[in-house]
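One structure is given here, and the rest of the page talks about it.
Chains here go by letter, A, B, C, D, E and F, matching the order in which they are written, and residues are numbered from 1 within each.
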Amino acid sequence: MGVFTMGVFPSLVGSGTLDFSFKLAEAALAKGHTVNMWLSGNAVMMAKKGQRAFKDYSHLEKKMMELVGKGMAITVCEACAEARGYHKEDTPEGMKRASMDWYLAKTFKSDRVLHIGGE
Amino acid sequence: MGALKLCFVVQRPPYKSENPRLALTHSISSQTAEIHLEDGETVVPTLIFVGDGVLNATKNQQAMKLYGVTSTESHIKNGLLIDMPIWVCKEDMERLGLKEDQMIADAEDMGADLKTKFVSFAEIQKEIEACPHLLFF
Amino acid sequence: MKLAVFLSDLRRTEDTYDRLKADKLGVILVENGVYHAVLKEGGKDSPILSKAGANFYVLSDDLETRGFTAAQVNSKVKVVSYGDIVDLIMNDYEKTAWL
Amino acid sequence: MGVFTMGVFPSLVGSGTLDFSFKLAEAALAKGHTVNMWLSGNAVMMAKKGQRAFKDYSHLEKKMMELVGKGMAITVCEACAEARGYHKEDTPEGMKRASMDWYLAKTFKSDRVLHIGGE
Amino acid sequence: MGALKLCFVVQRPPYKSENPRLALTHSISSQTAEIHLEDGETVVPTLIFVGDGVLNATKNQQAMKLYGVTSTESHIKNGLLIDMPIWVCKEDMERLGLKEDQMIADAEDMGADLKTKFVSFAEIQKEIEACPHLLFF
Amino acid sequence: MKLAVFLSDLRRTEDTYDRLKADKLGVILVENGVYHAVLKEGGKDSPILSKAGANFYVLSDDLETRGFTAAQVNSKVKVVSYGDIVDLIMNDYEKTAWL
């Protein structure tokens, strides 16, 4: 069993990339791996409480809490969140905020890293 | 114990999205990663501009004057200032018709010793092979 | 029709630009579209500039933001300001297409 | 003088498209045109109060309020905002929320429309 | 007094971003634009899929089953149900190797009378010329 | 090196894929990258699939989301699940590149 760290950057409401990341994390946890997830750039939208669920958009808050319950460490980029007006009190329980060095330090301790960049 | 080499590879032009800016801020944050690590452990980044990504490294960018936002140029210079290796692919500069005097060569104005390295893709390939983890932007 | 087309990227993911026809066509290069006005990839003009009969414009603010100046702009392309773009939209063309 | 309506869709913190839109709106107002702006999809981020200004990101709240003061009508897509957790109380003063038919009705009354789509 | 024709033109594949979905929801909202207009004024949309955008109109999309999100297919069917003309460019289907039986032809299962129109780019060009305002997605 | 490359788009805006070399190369098609496994543009396989010596994989969930099935997948490409991708990342390859 290994340590797998994902960095998720370009995701948004209505984009498939966050969905992909959470499903991949779920599959990795199911196989017994340790999973870390870093949400940065636009992917910090997961840090906002009170997103209303519409059938038109994937709504991942529930899935995220499930994965946290299974031991996934999930942290969002603090500055990226602040710039978008997501403050500490908006952050769902179980999710951490940190600066970017958290992610780099996690890559140090990981067997594999999947960094999802792009636009 | 030991150093982890990380390649940050920017493949796209600046300003369309946050993408190249995040490559710069994340690679620069390797400076403080040690607070989460054990004694003697460090993260050693190389920041590489390849493909259309070389357009991030043009000089005289006026983003602050015209849009009130930090230019990619000033980020790159901050990278040089903290002695982070910054590599720009020569073949891509040539393909796009960019001359070395159009590019950010150094950050002497900020007191940096390190200079930008203009390298071949073959050198970039070697660096990518030497890094255990790759971060493409 | 009199159509003003906006291009905001260096690499395009649509081919509408190649197919659309207009009696009068203006092509306005903004954001990363400005690279089409200054780069000579492989020593050649951008294929964007080969659209027959079109008038080409490039936004000066977006050129300078990226480290280029009017002096480097292809002679087929006219350098314009935000105010000029307003006039192109409101006076010179009837409709717009942001591709 | 004419009526000019802009629909702005793909913009985000850190993207140049919102900056472009606001500068173009400003130039159109300066020439005496009437300007309407519809913010939809990811561009609804402007509807969030409390965005922290960093030099690394363009920060447009002040510019927006200036343009509203000069008579620009600016409205954000209500559903797009709710899906992202931006509620009524987050909306800066002078900015309206509406459903998409607002935008279509504005195009009816416009001399020119610039619809900024894409990804 | 009068109807305003609007062309909604989708040029990119589904699911990467909200883009094609917003074309669908915005065009469908033409149904209620009248509440902001005067008596007799209406907005008349045509929704056009062109280039890689034709990939939005494939049938049997499993987005709801696999990701819990409404498929582009069901949005297109909703469009047909409210009698909105939906056009798909034939040349692009051919270029991408898509056959008509892979595409959403109708929404009979939802009780819609209108069917998808498979048209040439020449017809799309004419429609674009006939619309005072264009909305490209 | 043993490298797993992820492609998530139909139209690419980078050329890194064409240039990168690896002793062992896996190409994993996800999101809109899955179209490379099923479309025959102009009657031809996607140029993505011509990378010599590579192993190709396509994510079944993302195929089906877009209305395609395993039966339509190019014979060069293996259909995989999320679990299979985890195994590819953790066991078969040493590092990943999301281009």
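Here is the rule we go by: contacts are C-beta pairs under 8 Å (C-beta built on N, C-alpha and C of every residue); 3 or more make two chains touch, one makes a residue touch a chain.
Just so you know, these numbers come straight off a predicted model, no measurement behind them.
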Number of hops, chain A to chain C, where each hop joins two touching chains: 2
Touching chain B and also chain F, the following chains: A, C
Numbering shared by both copies at the chain D-chain A contact, with half separating same from different: same
CA centroid of chain A to CA centroid of chain E, Å: 33
Whole-Å gap separating chain A and chain B, where each centre is the average of the chain's CA atoms: 25
Whole-Å gap between the CA centroids of chain A and chain D: 28
Per-residue multi-chain contacts in chain E, two or more chains: 12, 15-18, 25, 52, 67, 133-134, 136
Numbers and ranges of chain D residues touching at least 2 other chains: 12-14, 16, 41-42, 56-57, 79, 112-113, 115, 117-119
Multi-chain contact sites of chain C, meaning residues that touch two or more partners: 8-11, 13, 31-32, 61, 65, 95-96, 98-99
Chains touching one another, given as label pairs in label order: A-B, A-D, A-E, A-F, B-C, B-D, B-F, C-D, C-E, C-F, D-E, E-F
Chain A residues within the chain E interface of the complex: 12-16, 19, 55-59
In the complex with chain D, residue positions of chain C that touch it: 6, 8-9, 13, 30-32, 61-62, 65, 81-83, 85-87, 89-90, 95-96, 98-99
Of chain A, residues touching chain B in the complex: 7, 9-10, 40-42, 79, 99-108, 110, 112-113, 115, 117-119
Touching residues (chain side chain C, partner chain F) in the complex: 9-11, 13
Of all residues in chain F, those that touch chain E in their complex: 8-11, 31-32, 35, 39-43, 61, 64-69
